[in-house]
Amino acid sequence: MEGLFRFIHFTGFYNMTPGHIIMIMVGLFFIYLAIKKEYEPLLLIPIGFGILIGNIPFWENIGLQLGIYEQGSVMNYLYMGVVKGIYPPLIFLGIGAMTDFSALLSNPKLLLLGAAAQVGIFVTLLGALALGFNPQEAGAIGIIGGADGPTAIFLASKLAPNLIGAIAIAAYSYMALVPLIQPPIMKLLTTKKERLIRMKPSRSVSRTEKLLFPVFAFLITAFISPGSIPLLGMLFFGNLLKESGVTDRLGNTARNALIDIVTILLGVTVGASTQATTFLKPQSVLIFVLGALSFMIATASGVLFAKLMNLFLRSDNKINPLIGAAGVSAVPDSARVAQLVGAKEDSTNFLLMHAMGPNVAGVIGSAVAAGILMSILMKTIAF
Amino acid sequence: MEGLFRFIHFTGFYNMTPGHIIMIMVGLFFIYLAIKKEYEPLLLIPIGFGILIGNIPFWENIGLQLGIYEQGSVMNYLYMGVVKGIYPPLIFLGIGAMTDFSALLSNPKLLLLGAAAQVGIFVTLLGALALGFNPQEAGAIGIIGGADGPTAIFLASKLAPNLIGAIAIAAYSYMALVPLIQPPIMKLLTTKKERLIRMKPSRSVSRTEKLLFPVFAFLITAFISPGSIPLLGMLFFGNLLKESGVTDRLGNTARNALIDIVTILLGVTVGASTQATTFLKPQSVLIFVLGALSFMIATASGVLFAKLMNLFLRSDNKINPLIGAAGVSAVPDSARVAQLVGAKEDSTNFLLMHAMGPNVAGVIGSAVAAGILMSILMKTIAF
Amino acid sequence: MEGLFRFIHFTGFYNMTPGHIIMIMVGLFFIYLAIKKEYEPLLLIPIGFGILIGNIPFWENIGLQLGIYEQGSVMNYLYMGVVKGIYPPLIFLGIGAMTDFSALLSNPKLLLLGAAAQVGIFVTLLGALALGFNPQEAGAIGIIGGADGPTAIFLASKLAPNLIGAIAIAAYSYMALVPLIQPPIMKLLTTKKERLIRMKPSRSVSRTEKLLFPVFAFLITAFISPGSIPLLGMLFFGNLLKESGVTDRLGNTARNALIDIVTILLGVTVGASTQATTFLKPQSVLIFVLGALSFMIATASGVLFAKLMNLFLRSDNKINPLIGAAGVSAVPDSARVAQLVGAKEDSTNFLLMHAMGPNVAGVIGSAVAAGILMSILMKTIAF
Amino acid sequence: MEQGITIAVLGVSIVFASLAGLYLCVKIFVRIIEFMKFGNVRKSENVTQADMMISGEVVAAITLALQLSREELHDMEKTILTMQRITRPYSPWSSKVYGIRKPAR
Amino acid sequence: MEQGITIAVLGVSIVFASLAGLYLCVKIFVRIIEFMKFGNVRKSENVTQADMMISGEVVAAITLALQLSREELHDMEKTILTMQRITRPYSPWSSKVYGIRKPAR
Amino acid sequence: MEQGITIAVLGVSIVFASLAGLYLCVKIFVRIIEFMKFGNVRKSENVTQADMMISGEVVAAITLALQLSREELHDMEKTILTMQRITRPYSPWSSKVYGIRKPAR
């Protein structure tokens, strides 16, 4: 009889709290979004199911080795790849091996749009400081505006490990919602005439350029901001595997088996890290609010900077400011949004290729920003 | 000259014991079974070669970093995935991504057969206790009757790490021998008339059901028995990757590269963990005896429970009790055995699809059982 | 203002030393060789880019977690696979799963050529001792002459972890340069008549032989030299996965996803381990000199031993001494060099298949040599 | 031992409870889905993809056929295995495409 | 907060500096490459592979076309998914090809 | 140094011993297998798969031919590389199939 009583104490029903129910609903909602709306399914499915796994109520702190925060559990071991900042660079390796920088090379001035959109990161940092977060947390929250999941997780793991879950969920949620968040801002800040601008066909790119780019882009960005070595080193290394022409099998594995395995493990553990008993706090709500703000500011700065650049460009060589919004990264969604919003005004205006330039530049930009924040704010630093 | 002497001391010939020879013979026998008889080759080849690797005699305990139990050796590092219980859930992830639950969904009452066959686990536990094993060891030995390698290894790693090798070898040996062990018991417990029962064509299953099943099956089983989160969480997560329709590349990698890599590492280290100097003990023999018993009881309970269910079913909707034996899991062998034994009486009676239901239910059943045993018996638990 | 000053202190430009520039040049040169000359691209690209990653100057020792030698950095975590000797056996697993031992089986006496070429290892060891290296370092340097990257890295990680970078770079550099290093020596030591020798068509090999070979070759070599278990165990295990005929999917994953992932991680971390501030020392130059010597002696011993064997062979069954040079391993380059040098004298003389025998035998030979050196010299050994 | 019996009884009960729970859940869901589908059909008359069903018996037959044919293929595979293998001269510690037609410098 | 503003200003500046540096670098390289190519062409008149270029607009059109056609394929894929899945009876904890035609011993 | 010479002499000897052991082993096995096969043939007259052998020279020729043809293919591959790459718009941190034909809500 006592055995039965103890068993009942083990069940999820006994240990359930309202928080668990809320988080399970969130997990189910993520899975719903992924399947029905096809919003970022490759990440929302693992994260969504991870939220379910992490929010099955159980008898905590008696050594059952079930929870992601309990030593000895599988989830805890797999979560090490997140906490130690190992998965994000490996994902960047795969991303590098599948990214084509041609669009960026064919019109390099669009690189600056990828810089402009990172303003959102630093404005949000100020907002977070104002709301009482400490500098490390503020930096990690700001990076949500980088619209780049692995970068956000990497920086959070270095600056504010306690916020990894909230920051990752916020980043991926807003990235999934880019098609809803960006268009109103883009329309608000541009005139119809601007949205109708047709850009010149882009310059063709030779193989030599594509081959030299990852090598020298890495050297330049890393010399300016060595903090971005872990992310950009892997990104450009992956890209060289792809472009070298002599390492096809390595590039192929990097962008398939390797990135898939790491994506699965990262997604499911990040999801599970939202265990209700540690996750549901007022600060998680604040992080979500700041994240939304961050995305909006990033979009706006991208668009506005494009308009600024137009002031200095010849009239036959103007930039369509819509592609400035693609500078937030969120590859390739925000580029598609630029294409869509442009096509609404003129369905024969193909902005997609032009938008891919700022889009991938945004990835580089937010990795550089993460490197800077890491360099300046990391607590382990002893001068 | 002294150098030569010392060198001779290093050779395998010098350090050889009869135990090493016996284990090498066992390893060769496993490889033989795998290649000639095609019994479970994907596991018997790695385990068999692992036994060879683990039983090359060498000068132990002087820090050569060669043996699987010596710190700093490669085998020791790779074995961590077994000892820490990391490989089995990853294998379950892959299994989930390759399992089709249609058969189970089309006739859900067959789920109960997957529960019935787990009786063998708990009877064996009692037997092991009677033979003087401590409760943790008894639980780990009982799970052999679950007929599920990763589950057995996972539970053994949590409850009785010193028995992992023996339990894993026993579990896989008997799973390989399912076509020899089950048929006599099945024939003994059924009448010819029962073996001739034709089951109704199963209901068709919609995509929506297959998609919802992993999500809700996980929630239900995990709420009842949170101890099964590590195994069932990964199993159903893998299945969702497969069924969601939007994560095909992840499901594909999970059921190919990922499961293959983990299978190789798990197999070879489990094999190597049978190092003669630690493995050849009377208790290993006891474990093998108990394991055989466990398989037989499991088979019998599955068959008998099917007969019991028939008492409550309408005459046009009877279950062929042969498929009860498939409830032990040992996917898909025991389902094939049901088909074979049935086909001997009537070669036009296709039981395979019907047997797949209890077969995959048995996987869920033994994972639940492992979760319960883990919850109740784990030594790290401090109330 | 102080912020700006501190930021400047963070940049690569501020922390740059001539050493960094030299190493970056080396990295670029490796990438150039890989792409333009197609010298070993699958290793020179990862190593070359790794050198770039490892030689971005940054503010060291303040806890930025950027450098490969700083705790907590990604590169440091990934480098563990090199330091702990985990990657090389996994690479051997993949190599085994892609190696065809037919050539060796069809003319087994050529195995001895694979032994002869390992003389270079031990002569170099004596040279290194004479130059003042300690015995452990001397052993690790000698193994460069084994012409086998993973073996060299594995032994270096066990005997002289501080030299891993230099030894790995030397080994891979000379392996890439095999087509330049070997031909002059081969021509010097053979007469035109010898180079024209046509060898008998090789015996055909049955599937059974290919299947039994990995099992018994492992048992024999491991019993004689248990120190070679980590490398040869994995090599022959991989080969059994390939030849068993029942584990095709495992063999396939071992020689694709698995080896690719490990190659990427091993290459980039070995490259990064050449961080200028720890790498650029006089001893690195000495290691390069000894490595070159080692390759030359290995080539010479292979050729000379083939000539020695010819003294005992019937005149219609002579060995073309050119294939002796293939005994250094450096698979398959040195075998191709044998073919090329032979074809210069007689373009219809196909030596490639004959050279493959000593070539793969050389892999086994150097793994055995590594095992011996590890057994005798490892510092952790306490008698 | 007494503890053992408690564990055994409890264990079997919980396993049955879990799978019975699953059984009920599937039953209920199937009802709901069928109910909703019925509604859908009335609303749109479009046969959506989710409605596409295959009879279990047909599936069994196809499975068998495929399996048999695959096994035969498998056998053929083996016969051509030895040849195929020779065509992979790649090896990761020395893999360049240094062609044998090019002269050594 | 003051520290925050310093970080923000510095951060934005450095991000711009990095990407502007990249921009300049690409510009310069393109010049150099074009210069070298011009020389090459004069020397050899051979159009090497590296010179093969495709207009960006063409690329965009092709990309779109491919994407659209792929999406359609994707839809078809889904319809045949259920059937395909049944053809994988492999499972790693019991995967032998123990055929159902062979009698059990 | 003396120790070094011991190591060197011992080392070379053991390497030779290992590979010579392997040599003998292969020799002996080949004898045994041939002996057994001879028996088999007499018993059944069936040429089993294991007996299927290809002459080494033939293999060499095929290997070469395949290699050459593959290298040519490889060259072609390169020319079409740039185009192929563009057809993968997937990226893992944002990969949905949110088609550009659908209007943004």
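By written order: A, B, C, D, E and F. Residues from 1 in each chain.
The working rule: contacts are C-beta pairs under 8 Å (C-beta built on N, C-alpha and C of every residue); 3 or more make two chains touch, one makes a residue touch a chain.
All values reported here derive from a predicted model rather than from experimental measurement.
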Shortest path length from chain C to chain E (each step joins two touching chains):
1
Matching interface for C-E, options B-D, A-D or A-E, criterion over half of contact pairs identical, gives A-D
Please compute the C-alpha centroid of chain A, do the same for chain F, then give the distance between them in whole Å.
41
Report the inter-chain centroid distance for chain E and chain F in whole angstrom, where each centroid is the mean of the CA atoms.
29
Please tell me the distance, in whole Å, between the geometric centres of chain B and chain F computed from their C-alpha atoms.
32
Return the residues of chain D touching two or more other chains; collapse runs of consecutive numbers into ranges.
3, 7, 10, 14, 49, 52, 54, 59, 63-64, 78, 82, 86, 89, 96-97, 100
Any chance you could list the residues of chain B touching two or more other chains?
7, 38, 41-42, 102, 207, 224-225, 245-246, 249, 256-257, 263, 352, 372, 376
Residue ranges of chain B in contact with chain D within the complex
102-103, 105-106, 108-109, 111-112, 114-116, 118-119, 121-123, 125-126, 129-130, 135, 138-139, 201-209, 212-213, 216-217, 220-221, 224-225, 228, 350, 352-353, 361, 364-365, 368-369, 372-373, 376-377
Of chain B, residues touching chain C in the complex:
6-7, 10-13, 15-16, 24, 28, 31, 34-35, 38, 41-42, 45-46, 49-50, 52-53, 56-59, 62-66, 72-75, 77-78, 256-257, 260-261, 263-264, 268
Going by the contact rule set out above, which residues of chain F touch chain C in the complex?
1, 3-5, 7-12, 14-23, 25-27, 29-30, 33, 37, 49-57, 59-61, 63-64
Per the touch rule above, chain E residues touching chain C in the complex are 3, 6-7, 10, 14, 90, 96-97
Hey, which residues of chain A end up touching chain D in the complex?
3-4, 7, 246
